[in-house]
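Think of it as A, B, C and D in the order they're written, each chain with its own count starting at 1.
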Amino acid sequence: MLLEFSQEDERFRDEVATWLTEHLIGQFADIRGRGGPGDEHHFVRERKAWERCLAEGGWTCLGWPEQWGGRSATIEQQVIFNEEYARAGGPGRLGHIGETLTGPTLLAFGSDDQKRRFLPGIRSGQAFWCQGYSEPSAGSDLSNIKTRAVWDAETALWRFYGQKVWTSLAHASDFIFVLARTDPKEKGHRGLSFFLLPLAQEGIDIRPIKQLTGTAEFNEVFFDGAACGADDMVGAPGDGWRVAMGLLDFERGVSTLGQQMLFQVELDEIICIARANGTARQPAVRQRIAEAHIGLRTLRYNSLRMLSGGEDGSLSREAVIYKLAWSNWHRNLGKLAMDVLGPDAELVEAGPYELNRLQSLFLFTRADTIYGGTNQIQRNLIAERALGMPREPRGDAAKE
Amino acid sequence: MKFRFTDEQRMLQEGAERFLSEHSPIEVARQAAMLPGGVDLALWARITEELGWQAIPVAESHGGLGLGLVELVVLLEATGACLSPTPFYATALSALALGTVSESDGQQHLLKSIAEGTIVAFAHTAAQPEWGPSGVAVSAMPSGDRWCLNGSARFVMCGAVAEYLLVAALFEDQKIMLFSVPSTHDGLSVSHRIALDQTRSMADLYLQDVVVDGAALLAVDWAEALANVLDIARIMVAAEQVGCAQRALDMTVDYVAERVQFGRTIASFQAVKHKAADMMLKVESARSLLYYAACTADSWMRGTERRGVLREAAAMVASSAGDTAFFVAGTGIQLHGGVGITEEYDIQLYFKRARALEAYLGRPDESREVIAAALLDTSEAGIHAA
Amino acid sequence: MLLEFSQEDERFRDEVATWLTEHLIGQFADIRGRGGPGDEHHFVRERKAWERCLAEGGWTCLGWPEQWGGRSATIEQQVIFNEEYARAGGPGRLGHIGETLTGPTLLAFGSDDQKRRFLPGIRSGQAFWCQGYSEPSAGSDLSNIKTRAVWDAETALWRFYGQKVWTSLAHASDFIFVLARTDPKEKGHRGLSFFLLPLAQEGIDIRPIKQLTGTAEFNEVFFDGAACGADDMVGAPGDGWRVAMGLLDFERGVSTLGQQMLFQVELDEIICIARANGTARQPAVRQRIAEAHIGLRTLRYNSLRMLSGGEDGSLSREAVIYKLAWSNWHRNLGKLAMDVLGPDAELVEAGPYELNRLQSLFLFTRADTIYGGTNQIQRNLIAERALGMPREPRGDAAKE
Amino acid sequence: MKFRFTDEQRMLQEGAERFLSEHSPIEVARQAAMLPGGVDLALWARITEELGWQAIPVAESHGGLGLGLVELVVLLEATGACLSPTPFYATALSALALGTVSESDGQQHLLKSIAEGTIVAFAHTAAQPEWGPSGVAVSAMPSGDRWCLNGSARFVMCGAVAEYLLVAALFEDQKIMLFSVPSTHDGLSVSHRIALDQTRSMADLYLQDVVVDGAALLAVDWAEALANVLDIARIMVAAEQVGCAQRALDMTVDYVAERVQFGRTIASFQAVKHKAADMMLKVESARSLLYYAACTADSWMRGTERRGVLREAAAMVASSAGDTAFFVAGTGIQLHGGVGITEEYDIQLYFKRARALEAYLGRPDESREVIAAALLDTSEAGIHAA
């Protein structure tokens, strides 16, 4: 067992850190640390410019094969990049859906034509993507998708009708990948297909969803006749579920350590406040701060085991625990922040509802245990996939 | 032994629920958040004129109804359930505070005004270092036969819409005094604050050389009385918490009955049912302690119960109701899923309220420490002998 | 709202207290505080003598109608009796199943003949009862009963075949009431009947179940041809489920306040130890002791609301919360006791496995959240009965 | 960065699991509880002869294998899963303690003996007021060129079957010294105690005028070293806890898959599945911290890591593994239902073990306070700089 990175990896770390230090300046100094979860709607223009700068430096799509502009970077290098990116205060990535979801999906399931058309834009920081999975009646139950794609023989286009929801970054994106029902006679996992659509077209309406924080990071995306070509379907008709599920497997967890560094910044701020305002002397607060510290370190070593691969002593099938672990940790941190801040936490600095960073953390982290699979769904997954327990019986309620 | 409402109390409850469901639906709370001061004064006018709640805690000798904490708790549960944007809590607390001071013209005038619908807010602390008497941050200096007040009092419920403010002040760094100050007084600035819970009306007071008559001084040596008033306030806050938690539970049970996933209403999943069961257990438990505490406060106000028993009752229900409302509203968001975090759905308003009340006047663990000290640090087992 | 008891009730309280003080002496002094949960197997002979003494004093079956030897006592009087009984250190009641379950069942569903034959023995402290509900494959799922009662036309007797389990006090009892399947073609709630059987007969084998405490309070009861007469069935054939469920409603909660007084004795002992050994200065222990105190008071006021009847402001349908509340409170108390005792809690005073009272509390309270309906079943009940949420779908697994 | 076992470590693990499943099924633990001293000496003999685990923590220069904490943790997870009644933990801890003292004939002799299979127990405290150096309750008085020991050392793992005891003693109420004492020595009484966890071998030592040679004194000024050894011990205990918790989880998952109620295997109920998921999350989390702590201890023993980092690692895993094992085994009983509390089923043995280990060497909240002190009370954020 070896926790240290190799000398070669450490040299890579230096290279990343140096590049970031040299480039997160000038016009980009203002967006350091901005644009993460709870702040996604800010500085979109500047962050797009930053994505192009990153791309020019060769720092997008590290894990992609060199043929498509990547570096075929090792897991360690990807981890290091994410750590250093977070440490340097790199702004929330607008390109991550294209880089970590669209790209790997196309590399695995896409046609050569699709790769040629879509991968370069992602790699160069010019084309931004969002994902069209959830729908009002397909949240936890993703297979209950109702958005239809209808083949219009006249125009030789697929036309889309329906609604997606919880689409993060839709307002800042150029493309959306959409899971839609192409066979209306089929139900559940069957009869779904996977499409690539440009957003800037007739028949697409993007409406922001205002959250309890007063901000809007998620959107509803309405389709009423929006179109894409026959060659914009990934895989064959009816392959949609297989493609979508394959996509979920691409998340290898290399970004988790970067995420944890952002968490550490939040925890450090809370510790700093606790020491300054005396709450650090309250026994109950002390226990909770210690728990937060232990919990964050636990996330780190869980991730390192997960990334170290599938041999004994490591987490592998058990990787399904990560979402449940981090989201609940983070939600608890939000509560701890409020209690450490004390009475002033209850007041907003400026109208109409301008939250400070920790207030926003407190409110926004209530979403952490919901989006991307609720606590309940995560526990189902752990029980079924990792512990081999039986599935829940499906109902047949007509009501939707 | 009948640990249930009397017929009169039940009628009061039913009347309140009927009135509020008609006149204080959740939209009223949302709209009030946009008003200056964050209070719906029209709704309050209607309550004072049609229902007369403001007179409940005022003694009959001062033009009130002379009812007790049980009645207040009944109404605060109902207003808490609607997040009703009225100064009912604030004026009721002021009336109870005035009930602890000796008779004087000033006191009589204020009580009579309250019974007639005037808003009087209670401003006792800057909450640093804490919510109790040691947190008082206004100083009182004699100036001839008048008094000069300086400092700040923060987190004042409905302060920005009050006509009078009851201000606790520190004399010679030792004694706590109570003053009444008209809100328009020179040197007093009342600043409405937007709270994280937008539907709650909160103000900060800053006093700079506020010079008041001797008649404005309502009480001296008021530290112990302040502690007692705060214990009563904790019971009143707990009533709002129980109401808030009950409504959050109800709306969650309704939502999960409607929401279908995997071909089943999600209310049929054990993970959902068991959370709802835990929510109900906590709500009913907090409610039991609440009614006990209200009975205890009434006994204490009648002089038939010891001060330590009041303190214990307040700490117990503050701990229980604080944890309960936060747990229930937070779990309510979780069981709502995605829509739970949208501005559009109401559960988030209850979550914010639950958080605000949990932290107001002391956290639940601080209340438990009050209990622990009484059980573990006294020479006799103080609480248990009660 | 009125928390105080009436003057008349307080006079009744004095009467009870006085009688108990005068009678819990001499031969009965040794059994004060003995024979409760976790101690049921001790002093059976002495406790039976005490039951007869109680009966002579007129203190059994207070709530029964006067016609059958009761006092038609009010809820308040029954509460007071239970409180004073616990306060005086009255030993664990051996007669309570007969008094609170068999009796009310016969009063509601029994024939006149059955009442005449069985009620006087219960009232006089001569006949002791245990309950035959649970079976190895009918625990949480009580309706899955397999014990058969077969009509033997030759002897004109019902004959029993099968097994009951978790039968508390079987070794100390004279009778058992048995829920058995009389119609082998029916499943679930249907085809069950309710019987009254003497235990001292051929074809009944009682085997103690050793617990993690090393003691044995529960039993298995095996039936292999044991018999009762036609007139020992309560209600008609097939009425068993209705009778059994009616019986569960008889528990009006009058004994809860007595139970809570025993809990208070345990908590007081823990507080006393904490003050003596300094654990009372540890912040985490302080919080937990405060929680225990608050929790016990909560149980009290929950009970008082429940007993005060069904009007607004009171607990009624919500009474289903009591089991979940007390059992988890008590289990937590067991853990607190160990932590307050400190390292010495880990060692047993004498061999082979002689536990002290708090060690026994710690281990035995793990059963509290299981017997009489597990936590899981209780939450189902609350959700379904009190909150009106839908039932869980039943499976049709062949495997049993 | 490869945070996984090396091939050698995996082979060690697989070999241990194979051996223990054959030679240390749960019946062996149940039977050992009936033996004097509570240890299966035949099993231990087999381990020392066939597997040589006793030599792992002994330096090669003393006839051992000179392996580290990662290897010990691998084995202790496996023995913890079987509640294996051997003195492996006790002798390994003694070997590690001896590794901290300067070379001497006595030290060399003991290490060599351990490597050959001799049982040496570590007796450091009476656990009053606490488990650390301040809990030492044996006093050492010089007596010519010899030392006289008096007092008690309690909760000594496998004390009753040890040939030698390493006894920490207090000199002039200040300095902690370490002595070795043969178990048959005059004045020393070793009393095997039955533990609440019957399958755990525990002894109390009473020393009355135990006079030993100067050569028996192995270390002076040993307080800091004792604190370090206890941190290592906490990591070893955590390994047993993780093994215990994993087995409790496994047997519970197996049981609920078999048990049918309401026409369904109870493993299909969400209430059961979600508890099992929480159990697994905790077990894997504790395991991650365990491997980190073992790596840290190895670095510290190599001199490449600071003492504060070891302390932090030990406190983190002690907190996590302690809570985890208790939660998992307790929930395991619950999910077993009625049979969970019977003597016949094994889950109760794991529950008792989980409780015993949770309280041994300090409770989880005490470990968290160690972390809190480092984060909050130092002038620099001590831990974080690490």
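Just so it is clear, contacts are C-beta pairs under 8 Å (C-beta built on N, C-alpha and C of every residue); 3 or more make two chains touch, one makes a residue touch a chain.
In this text the structure is predicted, and so the values were computed from the model without any measurement.
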A-B or B-C, whichever has more C-beta pairs in contact: B-C
Chain separated most widely from chain D, comparing mean CA positions: B
Length of the line joining the C-alpha centres of chain B and chain C, rounded to whole Å: 42
Whole-Å gap between the CA centroids of chain A and chain C: 53
Overlap residues in chain D, where contacts from two or more other chains coincide: 265, 268-272, 274, 365
Multi-chain contact residues (two or more partners), chain A: 284, 287, 376, 379, 392-393, 395
Complex contact set, residues of chain D against chain B: 269-271, 274
Residue ranges of chain C touching chain D (in the complex, touch as defined): 134, 137, 139-141, 144, 165-166, 209-212, 214, 278, 282, 284, 338-339, 342-343, 345-348, 350-353, 355, 359, 362-363, 366-367, 369-371, 374-376, 379, 392, 394-397, 399-400
Chain B contact footprint on chain C (complex, rising order): 1-6, 9, 76, 79, 268, 271, 274-275, 280, 286-287, 289-291, 293-294, 297-298, 301-302, 304-305, 307-309, 311-315, 318, 321, 324-325, 376, 378-380, 382-384, 386-393
Contacting residues of chain B [partner chain C, same complex]: 1-6, 9-10, 13-14, 70, 74, 253, 256-257, 265, 267-268, 270, 272-274, 276-278, 280-281, 284-285, 288-289, 291-292, 294-295, 316, 319-320, 365, 368-372, 375-377, 381, 383-384
For the chain C and chain A complex, residues of the former touching the latter: 283-284, 287, 393, 395
